[in-house]
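Okay, got some structures for you below.
Next come two complexes built around subunit A: one with subunit B, the other with subunit C.
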Partner chain A sequence: MTAAETSILESPRRRRVTLARLARASVPYWLILPVLLAVGAILGYPLYSLIRLSFQHYGLFELIQRQGQPIGLDNYRSVLQDRVFWDTLARTTVFTVANVALTIGIGTLLALLLVRVSTAVRLLLTGGLVLAWSMPTVVAVQVWYWMTNYENGVLNYVLTELHVGDFFHHDWYATTFSQLALVTALVVWGALPFVAITLYAALAQVPRELVEAAEIDGARGWRIFRDVTFPILKPVLLILTSLSIIWDFGVFTQPFLLIGQSQIHPSNYLMGVYLFEEGYFKSDFGRGAAISILMLAIVAVLSVFYVRKMVKVGDAA
Partner chain B sequence: MYGRILLAAAVMAALAMAASAGATVKTPSGQTAGSITVWLQVDAQTGWPDAVAAANRQFEQAHPGTDVKIQYQNWGDHLQKFDATLAGGSGPDVIEMGNTEMTKYMAAGAFADLSSRKSGFANSASWLKGLAQAGTFAGKLYGVPYYAGSRVVTYRKDLFTKAGLRQAPNSLAQYRFYAQKVGKKNTSKGFSPIYIAGTDWYFAMSFVYDYGGQIAATSKGKWVGRLDSAKSMAGLLAYKNFFKATSRASKTTDETRPNPYDVYARGQAASMVGPSWFSCCVGDKYKATSAQFVMPSHDKGKPMPGFLGGSNLAVPVTSGDKALAGDWIRAFTDTASQRTFQAKGNIPNATNLLGTSVNERAAVRSWFVPTAKHWVDVENGNILRNMLAQILTGRLTIKQAASSASDNIASVLNRP
Partner chain C sequence: MKRGRVTRVVLNVVALAIFVVVVFPVFWMISTALKPDDEIVALNPTWLPTTPTLSHFSAAVERPFFWEDVKNSLIIVGATVTISIVLAFLAAIALAKYGFSGRKLFIVLVIGIQMLPQAGLIIPLYVVLARYHQVNALTGVIVTYMTFVLPFCVWTLRGFLIGIPKDLEEAAMVDGSTRLGAFFRILLPLIAPGLVATSVFAFVTTWNEYIFARILLNDQSKQTITVWLSYFLGTSRNTDWGALMAASTLTAVPVIIFFLLVQRKIVFGLTAGAVKA
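What follows is the complex of A and B.
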């Protein structure tokens, strides 16, 4: 066999090896392809439609014709010039901050409590949390409305019996503050189980030795939480916080149903409700699409702070 | 990591938004072969299911093999559901529309033109003017009158008789006088001589029209809000005073939370204002002692103008079989059906069928909302309800609340 023949024989073999390598290297991409396709179909196309819709005038007439009128940036311009939009944005930001703070704060306290109580109490508490968690939102709204209603709400009855004051026929739905306070209570109540149980799981990661070492050094309660427990919980807390921001900023079902359609008004709009009123009730779907794109952008901005922090924590770990 | 988190955030945000839209997007599918889908309001389900069943039998006899699927809807969200089906093209073949909701949809071309079939519908030559107008746009018929209803007073005859009332009051002042006497004799906490939901704008606007005011009017081709006119404000003041003197109901709630008849059935009200079918639900305890009268005007001897509510039946342009849909409407609006609606306390759709019930007598003086394309946005935007809550709670003066509402109404109605 000549040298030339050898090289001819060898080169296909080398190519074969390269192909096999390529095939092996591409396996991960093939494996994630179905997921990418599914995500593309489920998220990509609707997002594309939404963006296209936001540049069109699309009302009832266009809906029936299935043909929008391209109008460039007019929808965005009209939303950004709408006073109601800016008022709603400010109200929703305050609402979101209050809700997230309460959810995370009370959730952390509950998780810490769960670690300390006896097994029986812990099971009871966890059971209660899971029950609250499994309650469909719409049903929960009905129950909350029943408890707080003007005619014979159990809340007014209890407050009166406890001599907090005369709450007979107290109208919890009379002012925006009171309405949104009720919505806050409902939203926090609904979000607590997830936060508390997740944090309880995270607390299991706190090594007992570290706490003991800190105790030997004379640290107590708050000090241990701040310097030992909190740093370990931090990544989980950041994830929970950013998720809560996203949920609470766009919340719709609770305010819309609890306040009730007939009492929804620009003076008590939250962003989700504003979007629904402008887009659906006024049958101005293009403008509604523009509002949801703006909401998406705002939520992204609100989350960036936390996302960045989370990345830093992730890198450090 | 960064990208993954961002993607996760985007996914969550999109889901959150999808969830908010989800409430309306879910739509029962429309036609399958050999069936038509009809959207009626729950009123038919609770009030006159027998008429629905009779119409279905009659229709299915005429069209063997064709099923009628009745899907009951709620007033609160049926339009949003309907919009979603227009986009999806799988909506109902027949839809019940409130008479104040028709104009917007007729103007957008959502309904099929039924003009050529008009003579085929029973009593179409003598349809109630208000309902026929609500179903007509640019001279074409899109909505067949279904039934109408006026609002009357349902009251506890025993309590009012004890207070000295011998026959139906003939003026607003007299009704108020006896209601206050009833109140003095029934001092249980929260008892309303007249239960009036604070933001019941149908009732409040009756005061406005009774005092010669109106909600809005056209001037030089533009809508102008008229609630801040002297006459309208006199009506609003009368409403405020009447409420204060006679009702312990919430000043900010509507007439469905709670239903006035639930308060009445618990014995917490001596009378209430609402559709005449409220007599259905006064509770077994008070069934025998309950009666109805026409709401009296401040002008002695006259009835107060009441809101003439009503429904029309229309065929959406997306219907797969408009001829069948029209046939079902014909069956459901024939004279026999109308007699059933009438027996349940409604006003039939034609003048030749009118009787002398309290409901029908109350319809003698009536008012109707401004017939503007965007009127329904005024209703859904709760401009009137919010104004009433502001007035009753005293947060704003009548003048402040009425002028702000007038401005809002004008800007909504004048939208292109």
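What follows is the complex of A and C.
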């Protein structure tokens, strides 16, 4: 309805109602405005400068001058021609696949176990999982470091006592593989509780009768899992897998602190650490920005599934 | 029947073994923190301290900058959580109770931001904040944390708000209340537990944050407790494991307590809707 029509045809009363309606329609926008402004200002502007930085030479001198030198695509060219980038990408991919597979695999087994044990054991194990979950990452790293140090770490002691082998003064930080294996243990230990407890909650929704009916029909363990349990778990499993991929690909604190700055080396870089060392630590912010954009692009692709799923959830309500 | 019982016992034993492995790092942290030095470095370690001592705890808190950095953490956490909860609550009402065009886009924003890898943002945040002299300032860290805490709070609070039956709200409005009146008299008391849980979880996330604090705060007196803890080893040549574990325990305890209180209420926000088959 145009303004002219309104003034001629509508009584003043109707017009007020229209205005009130307009006011009411604008309410949700006023409600989201503060968040939009905050996020836009604090994240939008840096993201814009990230793109600009990636096309500039920007080091410490430029940081002080607050003015970068435009160099076109040089940063991207330099990164994409760098062997370290491709090696790091490959290493991070293998690391992510291993970590996600272990987290989801063990998490599923734990959830299935939780359904079958007695109530007291279940409460105890759930409590233990929540306790592990609540440990701050930085704290967990320090504890891991203490448990695995070569001189008097308890891991070497236990492995030797259990006759797994002679681990007396075994140095877990000697090889890249061993370093990343420790990081994997730490990441999986930290992520397991969330996965196991979420899957357990989903399992609790599997109707008991369905399983019993399958048992009467003669189905055994694996078949019940494949044909009854798994289809119900599938949506949750997909979301958990997707979240784990995103988190593990971008992991920073665990490898950075556990391997330790003095031992961080291009041969054990993961993506997050690579970015920190090459961009921030070497104060080569322009090149770091180019690496950031490549990393953000990869994660954006990895996130599509999860974000779409969540939008559906949010939209349905 | 017999076979079933044996399986059950075996499964229970396996579960107990897993419990031991999962809890061990936390146990070992506290146990080490309470042991005297000779027990810590003993070749055959004892599981529990035979002569418990609190000396490592006093050594840890007497380290330089412990109290300053705890204070910094509390200021940052307090400001971030308070501002975020208020702003996020408004946006959560819009998402939970209104249909509007652009809603979908807003949801994409809220979910998408939480997926951004933090390492990918250190460069631009550092450069931009340096430009406005907000490096080494607590305010710079507070606004940075807000970008991540805000979307999380919006999404979680939205979940709590949806749980409130529409009839209750409508009943209040039929009684002659305005929408605002209905909100304050009906909605607010119902959502209070959700607000508390979300705040506590935001507290935990903010308290634990490491990478942004590490790059944005260089001055030792300006750092947060997690950064302080991460530098603990670097400050001494002979590693003082007892003090390190005592410091770790002190950093973790407030988080563990809060987390245990609200974990059940919060965790399903991330997978909300997917659990319902």
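One rule holds in what follows: the second predicted complex is superposed on the first by the 256 of 317 C-alpha atoms of A that agree within 3 Å, B and C clash if a C-alpha of one lies under 4 Å from a C-alpha of the other, contacts with A are read in each partner's own complex, and residues count from 1 in each chain.
Here is the rule we go by: a contact is a pair of C-beta atoms (placed from the backbone, for glycine too) under 8 Å apart; a residue touches a chain by one contact, two chains touch by 3 or more.
Keep in mind it's a predicted model, so treat the numbers as computed, not measured.
In the superposed pair of complexes, A:292 makes contact with subunit B and with subunit C alike.
By the touch criterion defined above, A:280 lies against subunit B and subunit C together after alignment on the C-alpha atoms of chain A. In the superposed model, A:244 lies in contact with neither subunit B nor subunit C. Note on subunit A: of its two partners subunit C and subunit B, the one contacting more of its residues is C. Looking at the shared chain after the overlay, A:35 reaches subunit C, while subunit B stays out of its contact range.
When both complexes are overlaid on chain A, the residue A:43 reaches subunit B and subunit C alike. Look at A:110: by the touch rule set out above, it reaches subunit C but stays clear of subunit B. Contacts of A:96 after superposition: neither subunit B nor subunit C is touched.
Within the superposed three-chain model, A:75 lies out of touch with both subunit B and subunit C [touch as defined at top]. Residue contacts after overlaying the shared chain place A:53 against subunit C, while subunit B stays out of touching range. Residue overlap on subunit A between its contacts with subunit B in one complex and with subunit C in the other: 39, 43, 46-47, 63, 66, 145, 149, 151, 243, 246, 249-250, 252-253, 260, 272, 275-276, 280, 292, 295-296, 299, 303, 307, 310-311, 314-315. Residue ranges of subunit C in contact with subunit A, taken from their complex: 8, 11-12, 14-16, 18-19, 22-23, 25-26, 28-29, 32, 40-45, 87-88, 90-91, 93-96, 98, 100, 102-104, 106-113, 115-128, 130-131, 143-144, 146-147, 150-151, 154-155, 158, 162, 204, 207-208, 210-211, 215, 226, 229-230, 232-233, 239, 241, 244-245, 248, 251-252, 255-256, 259-260, 263, 267-268, 270-277.
For subunit A in complex with subunit B, the touching residues are 39, 43, 46-47, 59-61, 63-66, 145, 149-151, 168-169, 171, 173-174, 242-243, 246-247, 249-250, 252-253, 260-265, 267, 272, 275-277, 280-283, 292, 295-296, 299-300, 303, 307, 310-311, 314-315. Residue ranges of subunit B in contact with subunit A, taken from their complex: 1-2, 5-6, 9-14, 16-20, 23-24, 76-77, 80, 83, 86-87, 89, 104-105, 107-110, 189-190, 199, 248-254, 256-258, 263, 268, 317-318, 377, 380-382, 385-386, 389, 393. Residues 25, 27-29, 31-32, 34-36, 38-39, 42-43, 45-47, 49-50, 53, 58, 63, 66, 110, 113-114, 116-118, 121-122, 124-125, 128-147, 149, 151-152, 154, 157, 189, 192-194, 197-198, 201-202, 205, 232, 235-236, 238-240, 243, 246, 249-250, 252-253, 257, 260, 271-273, 275-276, 279-280, 285, 288-289, 292, 295-296, 299, 303, 306-307, 309-317 of subunit A are the ones that touch subunit C when the two sit in their complex.
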